[in-house]
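Some structures to go through are shown next.
What follows is chain A paired twice: with chain B in the first complex and chain C in the second.
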Partner chain A sequence: MTLPYLEVKNVSKQFDKAEIFKDLSFSLKKGEILSLAGPSGTGKSTLLRCLAGLDHFSNGEVLIEDTDLLAMQVKKRPVGMVFQQALLFPHLTLLENVAYGKKITHGKKEAYEMAHSYLKEVGLENHVKQYPHELSGGQQQRAALVRAMLLKPKLLLLDEPFSSLDPGLRKELREWVRSFLKKEEMTSIFVTHDKDEAMLLGDRTAVMAEGRLQQIGLPHELYHTPHNALVAELYSDVIVLDEARYCPAEKASWRAERKDGHEWFEAEWVNETYHFGRRLAHIRLISTGRRITIPAGESGKEASGYVTIPPEAIKYFKET
Partner chain B sequence: MKKNIFYMSSVIFFLIPVLLLILKSITAPWRSGNLPDWTLRGWETVFQDSRVIESMAITLGIALAVALINLIVGIPVAKALSHRSFKLKNTLEVLLLLPLFLPVIAAAMGLHITMIRLGLANTWIGVTIVHLVPTIPYTIKVLKAGYDRIPQDMLNQGRMLKAGVWHAFRTIELPLLIPSIRSAIFLAVTISAGQYVLTAIIGGGSVITMPIIYYPFLQSADDTVMSAFSVAFVLIPAAAVLIAEAAAMALAGRLFIKRRSIQ
Partner chain C sequence: MKWQRTNGLFLLLLPAYAFLLLAGGSFILAFIESTGNGEGFTWSYYLSLFDRRELTDGLTYSIWITVSSTVVSLITGWLIVRSFYRLIDGNAKWLVWIPMLFPHFVWGYFVLLLLGQSGLISTALVQSGLLEDRTLFPVLVQDRSGIGIFITYVWKEIPFVILMLLPVYLQLPRQFREVNTVLGGGQRHWFKTVEWPWIKPVMFETGLIITAFIFTAYEVPGLLGVSYPQMTPVIAYDWFYSASGEERSMAFALLMLAAFILGACALTGFALMNKRRMLLSKSSHRY
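Let's look at the complex of A and B:
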């Protein structure tokens, strides 16, 4: 068995007695990308900041290649970070920006040569003399990533790096970032609150909510066998029936009448959309007020009716 | 349209009065119906007084020292007020502004006793220190606004790229703060150079700055001499700003020049 490259053991963070997260543990292999998904305000960014050294864990241990990461000063930590905004220094040219960190550690000549070759690789070689305000949002974010990569960190942290970009650009950059990280064999943690983005970018995905890592696994594991209601609601297309049971949304149907032997919920028709040729019904459940999306089939759009679930479709959470 | 208003008001409120002042300093007092007589009498009177040149140097020296101390004190305070959160932050901000609401004479009388005890009364160091009272609140205000425009994560990014505190300050904060620093220096210099009461009390007549000579001149009611004196007075902040710019250029080096060239 190979030892993990990065090992995070029981880290916790408290702020003024309020617990932000507690006892998080996970490990990464070299070159692995972990997507960290979950609703905003659950401490994902705080976790990254603590790993980076911009903030401190209250408890816990982090090992990278068997050395204690938390004992190192920020300046010595082999960790890079890309923030939500590109944060290129506005008074420096693209080349100077990208070379900034490398220049400190390895001197000007080596930094500029390396920056040049990387910028060429990512298709920004014609912009080296331009200032950040002359570049587009996507170019800026690409430059920010290259700037962090130039220092060859052992761990790269990406804190929602696409959140300030428009959707079209996001899609384009996702693929580019993944292939770039893979080519460089960069061990990375990628924070997002977008389910698709988590699946597309990460080798594995961790779902963080309510201060805990709820589940960590391959995208299809999380999607098909969520461990609990939180993961199911955040990551999967299912209807949560109660603490223990759920049903894939595609098995549910919309009817004007209840059906014998089926679980049912009284519900209200809100709207309909089409996706890959299928008609989808957007439904509001009367009892909880939650909105769900299920296949509409050929059913009509009566204002009120029932969501029915066949008993054989019901599954149980595998709480560990 | 906006530009035109700016240019017009600059001409009316700035350029014309300055030109008039210069013109008056080289002409005899005007009588109606006569063309003005050209004369250098005003300038001669000003510079015949040997104390004037000396006082200009003292004023400039004190103003630059005041500006320097303002920056040294103001930059860390402004950074803390802008980028950190701590208890009673707003209270502290108000406290730091309070010297501006205190009548200058009250501060001067109180500080005078302290200065005598410390042996700083009647010295230029004492005058420099007392000039900090009306300047530091402005400096902190101006520099805090400067730091507010630099996102905290921009500086965190610098740390993540392995820049040490001093390196980050020199290569990121300083270049981005230059416009604010320029304003702060200009304010500190003009306020310091214009102090009469504080200088008179703490300097006790031994530290002769421009205002100390300027006000007695006022009684002469000779327009030509007064105008020449006023123009000479303007040279002090102008010289101070030039010196400060040169110093900043030396410190920030290449970055500073380039930043100016792209503006």
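Let's look at the complex of A and C:
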């Protein structure tokens, strides 16, 4: 059995007395991309900042190639980071920006040569003399990624790097980023709160909520067999029936009347949308006020009705 | 409607036009005075300026006081802001305004009362027995080397430097500090890449304002200077009010020359820094 490339052991973070996360543990293989998904404010970015050395863990240990990462001086850590904004220095040209870190460690000549070759590889060779504001958002974010990659870090942290981009550019860029990271065999942690993005970019996905890693696994595992209600609600298209049971949303249906033998919820029709030719009903459950989306089928748009679930579609969370 | 829009804009800009007319008009009139001898155009007042020993001595004296006061004020003010800006929150900024409320003349008078041979400090030292006689107290004001003028200016301009630099430091893009750190940069790189480019234009402007003011203001050297050497504004003032019409024209020539040199410095500086300033304004940082 090979040793993990990155091993995060029981790390915790507290701000004053408030606990941000507690006892997080996971490991990554060389070249593996982990998508870290979860709602805002759960400490995903804080986890990355602690790994990069911009903040400190309250407890825990992080090993990278069996070396204690946290004992290393921050600027010596083999960790690269890409932020939500590209954060290119506005008064430096693209080339100067990309070469910035490498120039510090290896001198101007080597840095500029390497920056040139990387910029060529990512299709930005014609923009080397341009300033960041002359580049598009996508080009800026690509440059920020190359700037981090130029230092050949052992671990690359991406903190929602596409959040400031428009949806079209986001789609285009995430595919490019994944292939680029794979080509470079870069071990990476990618933070996002977008389910699709997490699935597309990560080899594995971890869902972080309420201060702990709720589940970590292959994207389809998390999607089809969520371990608990939190993962189900955040990552899966299911209807959480209670703390122990759920039902895939595609199995539920909207009816004007209850159906014998089926589980039912009194609900209100809110709206309808179409996705890949399927009609979807947006429903509000009366008892909890929660909104869910289910296939609308051929049903009408009655203002009130029932969400019904056949008993054979009900599943149980693993943690229960 | 268009007429209203155009004229509305004109009316709004009227105070600015009036000011420009006043300043520009004065400038042109001063130039005419400095180049007219009653018979026609001449550069003779400019050429004869440097034949006057009192002026060449005064110029050296003025440049020395101006440069030393400006440099010391800038560096001290900068170091103070740099050391303490993290401790100053938005609510404490008004404290920096307090010294701004006192005119330079009042500040100069305060220095005279405090540091003069018969001032508060010498009196206190004599009364406490630490000094035998007031005449033994060093001559710090109305002295030939201009220490009193220097102290007044430094004391008065440091808060001004702080006032100018504090907002820049409070708005330094902290996100770039993190970028610098994760890219392996230290304090030196942060200073070179972020801090200095951000503060340089303001440092330059502040330095220019202080230089122009010290080099051309009359009241402090008038109050705390000696009869020889004198700073150029005092010389210009004396010439302006002298009985000789020629000296009045020379006073204009002297001030025109100062305005021209300082104006040229300002224009060159702005031209050199404008592109950088524009680039910095395009930064994508959020805090």
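Just so we're on the same page, the second predicted complex is superposed on the first by the 319 of 320 C-alpha atoms of A that agree within 3 Å, B and C clash if a C-alpha of one lies under 4 Å from a C-alpha of the other, contacts with A are read in each partner's own complex, and residues count from 1 in each chain.
Assume contacts are C-beta pairs under 8 Å (C-beta built on N, C-alpha and C of every residue); 3 or more make two chains touch, one makes a residue touch a chain.
Quick caveat, the model's predicted, so the values are computed rather than measured.
Because the two structures share chain A, they can be overlaid on it, and in that overlay chain B clashes with chain C. In the superposition on chain A, contact of A:105 is made with both chain B and chain C.
Residue contacts after overlaying the shared chain place A:148 against chain B and chain C alike.
Looking at the shared chain after the overlay, A:140 reaches chain C, while chain B stays out of its contact range. Legend: residue contacts after superposition of the two complexes on their common chain; A:244 is shown touching neither chain B nor chain C.
In the superposition on chain A, contact of A:81 is made with both chain B and chain C.
By the document's definition of touching, both partners, chain B and chain C, reach A:89.
Shared contact residues of chain A, touching chain B in one structure and chain C in the other: 52-54, 74-75, 79-81, 83, 85, 87, 89-92, 100-101, 104-105, 131, 147-148, 151. Here chain A touches chain C in the complex through residues 52-54, 74-76, 79-81, 83, 85-92, 100-101, 104-105, 131-133, 140, 147-148, 151, going by the rule given at the top.
Interface residues of chain A, counted against chain B in their complex, comprise 52-54, 74-75, 79-81, 83-85, 87, 89-92, 100-101, 104-105, 131, 147-148, 151.
Contact residues on chain C toward chain A in their complex (touch as defined above): 175-176, 178-179, 181-186, 189, 193-194, 197, 276, 279-286.
Residues 151, 153-154, 156-164, 167, 171-172, 175-176, 255, 258-259, 262 of chain B touch chain A in their complex.
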